[in-house]
Each structure stands twice: as structure tokens, then as C-alpha cells.
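In what follows, chain A forms one complex with chain B and a second complex with chain C.
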Partner chain A sequence: MNSSYAVPAVALVVLATVLVGAFGLRISRTTSDFYVASRTVGPRLNAAAISGEYLSAASFLGIAGLVLVQGPEMLWYPVGYTAGYLVLLLFVAAPLRRSGAYTLPDFAEARLSSQAVRRLAGAFVVGTGWLYLLPQLQGAGLTLTVLTGAPDSLGGLIVAVVVVAIVAAGGMRSITFVQAFQYWLKLTALLVPALFLILAWQGDGAPSRAFDEPATFRERSVVRVDDTLDLTLDRPLTVTVSGTIDGRAHDNDRLRLPAGTHRVEDGTRLTFAKGGDVPERDRGAGGDLSPSQAESRGERPLYATYGLILATFLGTMGLPHVVVRFYTSPHGVAARRTTVAVLGLIGAFYLLPPVYGALGRLYAPELTLSGDADAAVLLLPDRVIGGLGGDLLGALIAGGAFAAFLSTASGLTMAVAGVLTQDVLPSRGVRHFRLGTVLAMAVPLAASVLVGGLPVADAVGLAFAVSASSFCPLLVLGIWWRRLTPPGAAAGMLVGGGSALLAVAATMAGFPGAGALHALLAWPALWSVPLGFLTMVLVSLATPGRVPAGTAAILARFHLPEDLRAEVKA
Partner chain B sequence: MPQNPAERRVVVTGPPRRTRRVSGYYRPRTEIDEQTTLGHTYVRSLMRTQLRTALAVLAVLGLLVGPLPLLFAAMPHARHLEWAVLGFGLYAPLVLLARWFVRRAERNERDFVRLVEDR
Partner chain C sequence: MSGFIAGLCVAILPLLAAGFWLGRRTARTENLGGLGTPVEHATFETLHTASLAAPPLRAGLTEETARKSARRLRSLLGTDALCLTDEKQVLVWDGVGGHHRTEIMELLAGPLESGRGEAFPLTCDTPDCPVRWAVVAPLTVDDRVHGALVACAPRESAVLVRAAGEVARWVSVQLELADLDQSRTRLIEAEIKALRAQISPHFIFNSLAVIASFVRTDPERARELLLEFADFTRYSFRRHGDFTTLADELHAIDHYLALVRARFGDRLSVTLQIAPEVLPVALPFLCLQPLVENAVKHGLEGKADKCRIQITAQDAGAEALVVIEDDGAGMDPVLLRRILAGEVSPSGGIGLSNVDDRLRQVYGDDYGLVIETAPGAGMKITARLPKYQPGVHSAGRLARG
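== the complex of A and B ==
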């Protein structure tokens, strides 16, 4: 891919982000501006900001890559990311705004008046936030590497520095403008190339083999394998090999590989004939953006699909950067309307990744083998259109991808820094918030440099599962159930979130080899969410004496419409 | 210094005036809190209505989405259908459900305000 246009495009996005952030800085005057944009952000601006923040690297690059490799079941990811907002709207949006708290720990403290629960919620927020920041930084590294061949950690470093500068300088107000701007940038960066790609596809006679299973090679293709991989063949495959397969060296030999698993060493070149099936790759640990538990769904696809649905539907409401956004709405009614607008905006955006996934299956099926499936979105314009037009469209996509890393990373940093400032660092104030910002970014940056090749992408799925089994029960029961007690909330979060965390950590460490146990641990949401709810309810019922004194008044504040307050004021 | 009566008066009258202004500013919320302890059952009824609305929409969502994986598993050859439904078909219903819910929830709140005012 030609980097002479892409690098300026990325630079332009970074520059524009800094400039829009500086514009927000000029009107960010008070402490309230700084944290919650003075709670005056209207639904439309706020909705664009929320969507801009939410559409991360996983959405921009990861989904298309997953669909390319795994097929259409992976489209459950964007559906779940969107439906999560609907569930959030139903149970949480307006009461959460009316609670008047700023972060999840604030909410826990306001509802349960317990410092212990507050601290526990804070620990979960920081943990989920860091888990979610990691793939953003690694995605930035991958994009810059694909574009320019720069070292892996450079992209992450750039994102980290820009985000810390913007967040520390301008706080929530400037972030709101930056995020809103980046939503439209991301949509444009994916929409315009998609239109050209569809035109090119139609000019090509609109082949529809993308929908067939498995993907096939449209022409004679040469694939260079960058990482050693295991190929699984359902039936024999004829292929020309230069390099090492199954421990045997070949030089441009035509081989007929029998069905079964074959090990291909890195640096091997495989030449496939036209019309052949694209063999499937066994992936142990791919350092990709795509949530790679996806690859462990093989044996129990139905269980994995329902686990994915539950985690994404219920996990969205607990993501730290999503929750903070609701405090910037002026009132509960606006918070609801904002959420509807968000649903529309992210729904519109998610119409595009499937297009890239389908075209990727058609025009770049070999990406499934070379392990760069996440780069499919970046590479397609060059592959399908080519020439100057392809380069320019590729540059546009690269800019959009960087906007994705920047916006999600700034939202997460904002949320994590808020918790660190309020609960960990000694005194409050804007200066300490800046210190918190640096700390919030330093840890995941260090981790992304240190763990490098590990499948940290699992972190996205892990973050959703943990959030669904810890914060979802806390929010839903806290808002709708009078008899919730501090011990119940703490136990529920620990048992639900903790077990989800352990389960996925065990999977990532490669603990159980295969079988039912493996599926259970790789997709914990289906049992850990009910477990979290059940623990919270049972422990609360067992400690009836611990129901906080002001519960009735607090719940009234959560649910009473603002009209009523205005009436009283007048 | 303490013998100067004029200066003393300034110091003593200052703080109460400020306190009064602050408490006046927060009065609406205090009054709401008082009202809620009185109208406890009213708040409960509002919560119940809102929860019922939310659960109804959740049930529709469940019925819409729940059977899909089973359906796709039952028809492994309908890949086109899977692409169309998951890729493009679900977002519009989600937005419509959300709009319907917001309209219902806001109406519930308006009804509640009217009820409380009439009393």
C-alpha cells in the first residue's frame, strides 16, 4: 500500500483533533465545564459525541476482518454493540442522569452510601477501562505498521500522547467537540470508499460469491505467510509451495495436501489456483484486533452466539466511557432522546463494515491466511480500485481509523482518570485530574509495549463480559429494586464480574484444551450474568437490615421527571 | 479594633445573607425530597409503570433477536438471509423500538406530573 497519501491523512486527523480540542479549550472555563461540560450538551451534539467515542478500532477495522475470516455470524458483534444501547436506554439512561452522579463509583456511593462498594466499583472501572484501552493502542500500532512499516509501538505512542494532551488540557468540554467531529469523520472515511468499492464491484459484474461458504479464490493467488500457522483442510488441496510445510522444505513444488492439519512455517509462499476454496486457518494466538475468542467458537457455535449476544446486549451499559457521557446531558429526558439519536448514528455506521467484510471475502480472501485480516478495510481500496484513486481512498480510511483510536481512547482515558482522581489520588481539583490522565494512559501503554504479541484483543470481549456480569446487575438492581444492600451489591459484583474475569483469563492463558468446559470459559456471559444477578439478590435478601436509610428518597430522585422539579421551583 | 462597632457589624451580617441565598438555591430539591417521603406510593406507581414499559420493549427485543441464531442454525444454506438480516436488517427495528419506548416513557411521566398536580 502506498503510504505517501496515508501518512499525511493520519497527520491531518491528529492535527484536526488537536485543533478542535483547542477550540473546546477556549470555552472550557470552569471545573464543571471540565468534568461534565457543565451539563449543557444538547442531544444532537452529545449523540454524535457518544457515537464517536463508542465506535472504536474494533468497530472500524475489527468487524470487517472478523467477517472476512469467520463469515456472517460475526455480524452479531455490531448488532450487539447497537442493541446494548437499546437495553441501556430501557433501564438506565434517564435514571442514571437524574441520579446526578458522575462516574459509576459515584452512582454506587449515592445509591448505597457505602465507601466499600464505591471503591470496589472504582476498581472495576479502572480495570475494564485499561482492558479496553489496550486494543486501541495496539490497533493504532497495527495500522501504522501496515501503512508505513513503522515499528509496532509507534502508533500506540502517538495516540497516547495526543489523547493525554487533549484530555488533560480541555477535559470533557473539548472532548465533546472532538468526539462529535470524529463521528462524522469516521462515517465519511468508511462511507465514501464503500460507495466507490460498490461501484467497482458492480463494474466487475457484481459477483456474489462472497456469500458462499467457504470463500474461494477469484484468481490465481500468491500468499506469503508471515506467522507460522496451522491449516485445516476438509478435503485435499493442490497448491504450489516455496518454503516449509510440515517440516519439509519445498522450492516451487506442486503439492497435493491430504485432508487434515498442516503446519506452514513463516516466510512460506503458497500459490493457489483460481476457483479453489480458501483453506481455514487454525488460530492459536493471533495478535489481531478481532476478539479472538471468536476462533474458539468452533465446536459449540450456538452457545457461543448466545453468549456473545448476552455479553454485548448487557455489557454496554457498564462500559466506563459510555456511562460518563450520560452526565453531560442537561436532564433525564434529554439523556433518553440522546440515546435514541445514538442508536440511529451507530446503526447507520454499522451498515458499512459488512460491506467491507463481504468485499474482502471476494477480493482479498488470502488475508485470512496471512493473518492480516484486520487490515482488510485498509487494503481493499488498493486491491479493488487501485491507482491514484485507490491510494486516496486508502488514505481516507487510514485517517478514519486513527480517528477511531483517538476518540475511544480519549473517552476511556477521561473515565479512568476521573475515577483515579476522585478515589485514588489524594486531593481533588483540575491539577490532580491531569496527573490522573497521565496515569490512566501510562499503564495500558506500558502493557501494550510489554505484552506485545499476546492476544490482547480478547480484552474487548472480556471487557464486555465483565461489565455485563458486574455493572449491569449493579445498575439495573440499583435503579429498580428497593431492597438492594451494600453487602449484596459488593458480593454480586465480585462473584459475577470476578468469575467472568477469571474464566476469560483462564482461556487466554490456554488452560482448558477443548470441549464443553472450554466453551463455557471462553464465553462466560451466559452463566456469569445470571450468577451476578442471583448473588446480588440473594445476599441483599439475606441482609435486610443493611438497606440504606435514604433509599426511598434516592429512588424518587432517580425516577421523578424534571417537570415536577420545575413545578416545585416555580 | 473590636471597639469599632461599624466593622463588627459588617463581619457578622455577611455570612447569614450568603447562607440564606445558598439554601434558597437548593430549596426545590429539598422540597422534592420531602414530597417523595409523603407521596411514596406515587413514586412507586411511576416506577412500576416505567419498568413495565421497559420490560415490554425488552420482551419484543428478545422475541425479535432470540430465535435468530436458532433459525440460522436450522437453515445452514440460507447464507444470503443471514447476511441480509444481521448486516442490514436489524438496525432500523432497534431504532424504532427505542423511539417507541421514549414516547411511552415520556407519556408516562407527563401522566404522572398531571396526576400529582391535580392532587
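== the complex of A and C ==
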């Protein structure tokens, strides 16, 4: 890939983000007209901001990569990411806005008037935020590697430094405008190249292959294997090898590999002939750092799919950077309208990644081998269109991908740093907020260097699972159930969220490598969410004396429209 | 392999956190025993237990606070069972012998009436009941009995009578402090209520005079101004809720400035820079308008030429930052400090000190006004408003912009 256009594109995105952040406020609102100046954020602008902050590297790169490798079942990811907002709309959006809470710990305190539950919620916000930041940094590393050939961790480091600098310097002042801008940037960056790709595909005679057929090489292809892997061949395969296969070194030898499993060491270069089938990669074995969840998904597709659906449907409402945006809505009704608009915007965006996934299977099938399937979106314009046009479109996509990392990572960092500053470090002004920002970024950065290798969309799925098992019970029961008590809420969050967190940690460590237990741990939402709800309900029922005083008044405030409330009081 | 290690680290983190928390909870008392003689240890421990029991009681005597403090009080007294009551019912029974809970109120009628301590045996049908004898010590605030502390033991003990009396006196002191806290809160509330009717009378006279001057020359303008005046006074006199939103407060400021502009014409220019994210922030009612009024006064004071006022509201994470700046006469910082401390009364209008007091009362002492000024250098007032504060909710919805 030609980096001479992509690097300026990335730099341009960073610069534009900083400029819109710093001057957006000045341009749009400096006026002597109060009615213009105090116009609240409309639902559509706010929805674009929420979407901009929400559409992360997982959406921009990860989904196409998963579709490329594993086919259309992976469409559950975009469906889940979108449908989460439907649940949010139905159960949470308006009451959450009316609660007046700015963050999830605020909500816990407003509803249960308990400092202990507030601190616990803060701890889970930090945990979820770190889990979610991890894949953002990995995705950024991958993008920079593909663009410039720099080492993997460097890209993550660059994004981390840029985000910390922007957030700590207070450069995201007019954050709504920045994030709304990022949404439209991301949509453009995927839509325009997608149109060109489809035109090129049409010009190519619109070839199509069913997803269950093995992918084939359309031309002579060279694949460099970065991680040691096992290839499983159904039929003998002729390939030119320079490197090590099955423990034997070759230098540009033409080999005929018999059917069976072959181990390919890292650094090996394989050249496949035109028209050959792309061999299957054996996932569970080899030097893969963490066994992908793909394996257990293959074994238990139904369980894995339901696990994913539950996690994404219920996890969205607990994402710290999403909740914070709802505060900007002037009232509950606007919060609902915003959510509806978000559904539309995100739905429109998610039509695009599957296109890249499908085209990737046609034009860049070797990515399933090299382990960089997440890079499919970045590489496609170069493969399909090529030349200057391909380079320019690639640069546009690279810019969009960077916008995805920046917006999500900065939103998350703000949220995590806010909680760290307020609830963990003694709050003494801006200096501590900067310290919180550094801390919020340092931990996932260290983890991304240590863990590595987990597919971006999978890692995000884990963050959703933790959020769904801890915050979904708190929010839903907090808003709709009078008898929730502080001990119940604390126990539910600890048991549900804690068990999901442990399962996630075990999965990342590659603890039980295979089997039913691995499936359970890799897709924890299906058992941990009901567990969280059950614990919360049972413990609350067991401590009826601890229902906070004034619960009825608080719930009335959550549910009564603001107009009515003013009239009742007047 | 390194993935495994990393995962292991992640898995160990919650354990470490739990261990840290447990360690902190359990280590407290042992730490205190590190120095001094055994007698001093005992003293330290007693003082420590007493200090732990105090904070809940500072919120007054309720079921919740009684439950939180009863365990500490019982370990302070070293009895098997301890009970706290108010005038009507048992609030909490901590320790053994909970079946006496029902009968205790009848036995307490006398001491609650007289306000004098008493000790009496308890009759019980259960053969091995651990509590046979009870000491009652009334809890009094301002010579009025608010409740009683009952300590139970298997047999009579003069030491317990003495100790229960002392502990009850100590609890009474805490309750008196709670009472004091409450009256302080009530005082501030009353102050806020008083402040509401206190829009500067000068402002009303001046506004009406200006409007009158327009009635003949420009009746349309006069009508508009009257409506602005009506809107502003309606906002100032509204009855429900102590809090408003930044958007509503800004609208009120706009009405106010329209009336001021009618008086001073082009001499006053106002620019605004408002981040739309902070408009829904709830804040104490009428706490920015006085700052603007102050800026107008200082800006036009002793100056013939124009005065510029800049109002900025920024988003700063979990807070909103509101800055009101004028380029007027400024003020001597020493004098300003004395005004804020309440030593000198300000010359008129709603003082800055009042706004400062109210912000501190609602958000805590970290959130007072920050004022930068010097004679002839204008004045810059910064207010930090947390986006969320327990108990702060704006009444009603935002005006549609």
C-alpha cells in the first residue's frame, strides 16, 4: 500500500479534529443574540455526535474482517450494535435524561443515594472503558502497520499520545461538533470508496461466489505469514515457498503439499497460483497469542450467536461514552428523538462494512491466512482499483479509520478519566484530570502490548458483555423497579459484572483452550446477564428495609414528562 | 504464552483490589496499637470506635443512621445487646435477645417521660435468654428527650450504668450537632427564599422610568420593554423549585440586559460564547444574573465610553465553567475580600457574597466564585458548576430555543 497519500490523510484528520474542537465553539456561537447562543443541541446533531463517538474501530475495520473470514453469520455484529439502541430507546433513554445524571455513577447515586454503589459503578465504568479502549489501540496499531510498515505497538502508542494530548489539553471543548463531524467523516470515508469499489466490481463482470464455497485466488498471490499457523488442506496444493514449512527450510522452492495439516513458521512467504483455493487456517493451534473465539463459534454457533446478541443488545446502554452524550439533550422527549435518529444513522453506516467484507472475500482472500483480516477495508481500494485512484481512496479510508479510533478513544478516555478524577483521585481541579487522562490511557496501552492478537470486533464484544452484565441490570431495575436496594444493586453488579469480567480475563489469557467451557467463557453474556439480574432482584428482596427513602419521588421524576412535573409543582 | 501471562495479570487485578480493600478495612484497629502502653491502646481504640460511630449520627436519629451506628456503640459499651429508640418506636436492636424488641417501648415510657436514666430487670420466658437486665439512658437535645439508648446485659452491673450514661451523653452531643446542621441548612434555605424577592429595587424603578420615557416617543418599543420586564419579573418571582437550568438563567439575563440596554443604549455591548452541551446544567436559581448585574454596574461606573461584557460557558468534563468578564472600573481585591467575608456590606443590589455563599452551600466549598480583579483592570468572575450534584434538579423543562 502506498503510504504517501495515507499519512497526510491521517495527519489531516487529526488536525481537523483539533481545529473543530478548538474553534467550532467560537465560529458557531459567538454572538450577541441570546436566543441563538442558548439554542440547545438538536436531536439530529446530538444523534450524529453519539453515532460518531460510538462507531469505533470495531465497526470500521472489524466487521468487514469478520465477514471476510467467517461469512454472513457475522452480520449479527452490526445488527447487535444497532439494536442496542432500540433497547436503550424503549427502556432507558428518557428516564435516564430526566434523572439528571451525567455519568453512570451519578445515576447510581441519584437512584440509590449510596456512595458505596456509586464507587462500585465507577469501578465498572473504568473496567468497561479499559476493555473497550484496548481494541481501539490495537486497531490503530494495525492500521499504521498496514499503511507504513511500522511495528504494531507504535500505532497504538501514537493514537494514545494524540488522544491524551487532545483530551488533557481540553481541546475537545465543543465535543458535540467534533463528534458529529467525525460521524460524517467516517460515513464519507466508507461510502465513497464503496461506491467506486462496486462500480469496479460491476466493470469486472460482477463476479460472485457463495460464502460456503472456499475462496479462490483470482491472480497469482504472494502471502507473507506473520504468525506461525497451521494450514489444513483437503486436497493437495501446489505452492511456491520461501521460508519454513513443516520444519524444513525452503528458498523459492515449488512444493506440492499433500492433504493434511501443515505448520507454516512465521516469516514464510507463500506464492499461490491463479485460480487455486485459499487453504483453511487451523485456528486453535500454533503460535496464535490468544485463541480466537471463532473456534467456539464454529463449534456452538447457536450459543455463540445468542451470547453475542444478548451482549450487544443490552450492553450499549452501559457504555460510559454513550450515556454521557444523553445529558446534552434538553429533556426526556429530545433524548428519545435523539435515540431514534441514532438508530437511523448507525443503521445507514452498518450497510457498508459487509460490502467490504464480501468484496474482500473476492479480491483479497489471502487475508484469512496472514491473520490481518481486519485490514481488508484498508487494502481493498488498492487491490480492486489500483493506481492513483486506489491510493487516494485508500487514503480516504485510512483517514476515516483514524477518525474512528480518535473519536471513540477520546470519548472513552474522557469518560474514564472523569470517573478516575472524581471518584478515585481526590478531586482538586484540572491537574488531576490530566493525571486521570494519562492513567485512563496507560493501562489499556500496556494491555494492548501484552495481550495482542484478539480480533478487534471480538474484543469489543467482550466489553459489551461486561457492560451488559453490570450496568444493564442496574439501569433497567433502577428505572423500572421500586424495590431495588443499594445492597441488591451492589451485589448484582459484583456478581454479574464480576463474573463476566473474570470470564473475559480467562478468555484473553487463553485459559481453557477449547470445549464447552471455553464457549461459556468466550460468550459470557448469556449466563452472566441473567445472573446479574437474579442476584440484584434476590438480594433486594432480602433487604426490604434498605429501600432508599424518597424512591417514589425519584421514580416519579424519572418517568413524568417535564411539562407535567412543572405543572404539578406549580 | 505471553497472552496467558497477560490474561493472568488481568484476572489477578480484581483479587488484588479486593485484598487491598479488605486489608484497609481490617488493618485500621491494629495500626493504632503500634505505640504506647496497653492503657493508651485501649484509649485509642475507644476513641477510634467513637469516631467511627459519630458520622452517621450527625445526620440525625433515623432508622438508617441508628442501624449504622448501633454496632459501633455496642462495641464501645461491650454489651451483648444494644437498642436505640426514638420517642415512639425501636429504631434498631443490635446483638442478642431480639425478642425483647416488642416489649421494650412499654418499659421505656417512664424514662422517656422523666428524662432520667433507669435500670430494670427484664422478665423472659426463654430459659437461657442472654439478656436479663437493661440500662436505659435518655438521649436529649436542648433538654428535650428525643429517644433512648438501652444497653442489655445478663446481670446487674454498676459499671454498665455509668458507661451507658456517658455514651448516651456523647450521642446526645452528636444529635445536638445534627440539629445545628439542620438549622444551618434551614437558614440557608430561608436566605435563598429571601433572595428571590430581592431583585434590586433600583433596577425596578430605573426600568419603569425608561419604559415611561419611551411610551410617547416609541410606543412599540415601550410595549416590548414592558414584556421583557414582565418576563424577567415572572422568572424572578416564580415559586416552584430552587434550581433552574443554565438555558433559563441565560434567558432571564437576556431580558435583564434588554432593559439595561434601553437605558444605556450603545454604551453597553455584550458577547456570548456558550457551549450548547452545558445548557441543560442545573444551577441555583438567579445565581448568574447578579454577576451580570455586577458586571454592568462596574463596567459603566465612572466611565463615559463603552463597556464590553463577555459571558462564556464552557464544557469542562463533569463541570460547566461560566466566566463573566467586564472591562470596567474593577475593584480593590482587599475590599472585595472583605465584602465576600461579610465584613463590609456591598453598596447595593444583590451582592456577590450572596451568590458565593449559595454556590458553596449547594456544591461545597471547592465551588465558590473565583474573582480576578484590580482597580482599573476590569473584573473576571469564574463559577464552576458540576453537571451532577445529588439533590440538584431543575424544575420544569428547558425553554425551547
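One rule holds in what follows: the second predicted complex is superposed on the first by the 471 of 570 C-alpha atoms of A that agree within 3 Å, B and C clash if a C-alpha of one lies under 4 Å from a C-alpha of the other, contacts with A are read in each partner's own complex, and residues count from 1 in each chain.
Just so it is clear, contacts are C-beta pairs under 8 Å (C-beta built on N, C-alpha and C of every residue); 3 or more make two chains touch, one makes a residue touch a chain.
No experiment lies behind these values; they were computed from the predicted model shown.
J.: State whether A:Asp106 touches chain B only (first), chain C only (second), both chains, or neither.
T.: A:Asp106 sits against chain C, while chain B stays out of touch.
J.: Once the structures are superposed on A, label A:Leu501 by its partner contacts, choosing first (chain B), second (chain C), both or neither.
T.: The answer is second: A:Leu501 touches chain C but not chain B.
J.: For A:Leu560, decide between first (touching chain B), second (touching chain C), both and neither.
T.: A:Leu560: touches chain B, not chain C.
J.: Tell me which of chain B and chain C touches more residues of chain A.
T.: Chain A has more residues touched by C than by the other partner.
J.: Now for A:Ser329: first (chain B), second (chain C), both, or neither, which partner does it touch?
T.: second
J.: Contact-wise, after the overlay, does A:Ala206 reach chain B, chain C, both or neither (first, second, both, neither)?
T.: So A:Ala206 meets neither chain B nor chain C here.
J.: Applying the touch criterion given at the start, work out whether A:Ala552 contacts chain B, chain C, both or neither, answering first, second, both or neither.
T.: Only chain B is touched by A:Ala552; chain C is not.
J.: Counting contacts the way the document defines them, which residues of chain A are shared by the two interfaces, the one with chain B and the one with chain C?
T.: Chain A residues touching both partners: 557, 561, 563, 565, 569.
J.: Help me check something: in the complex, which residues belonging to chain C touch chain A?
T.: Contact set of chain C toward chain A: 2-11, 13-14, 17, 63-64, 239-241, 246-247, 250-251, 253-254, 257, 269-277, 279-280, 282, 314-318, 366, 387-388, 390, 392-398, 400-401.
J.: With touch defined as at the start, can you tell me which chain A residues reach chain C in the complex?
T.: Residues 25-26, 29-35, 37-41, 100-103, 106, 109-110, 113, 123, 170, 173-176, 289-290, 327-331, 414, 417-418, 421-422, 427-428, 430, 433, 447, 450-453, 498, 501-502, 504-511, 545, 549, 557, 561-563, 565-566, 569-570 of chain A touch chain C in their complex.
J.: Would you mind writing out the residues of chain B in touch with chain A in their complex?
T.: So the residues of chain B touching chain A come out as 27-29, 31-33, 35-37, 40, 43, 46-47, 50-51, 54, 57-58, 61, 65, 69-70, 72-73, 79-80, 82-83, 86-88, 90-92, 94-95, 97-99, 101-102, 105-106, 109-110, 112-113, 116-117.
J.: How about chain A: which of its residues touch chain B in the complex?
T.: Checking each residue of chain A against chain B gives 71-73, 75-76, 79, 82-83, 85-87, 89-91, 94, 211-213, 301-302, 305-306, 309, 333, 336-337, 339-340, 343-344, 347-348, 350-351, 354-355, 358, 480, 552-553, 555-557, 559-561, 563-565, 567-569.
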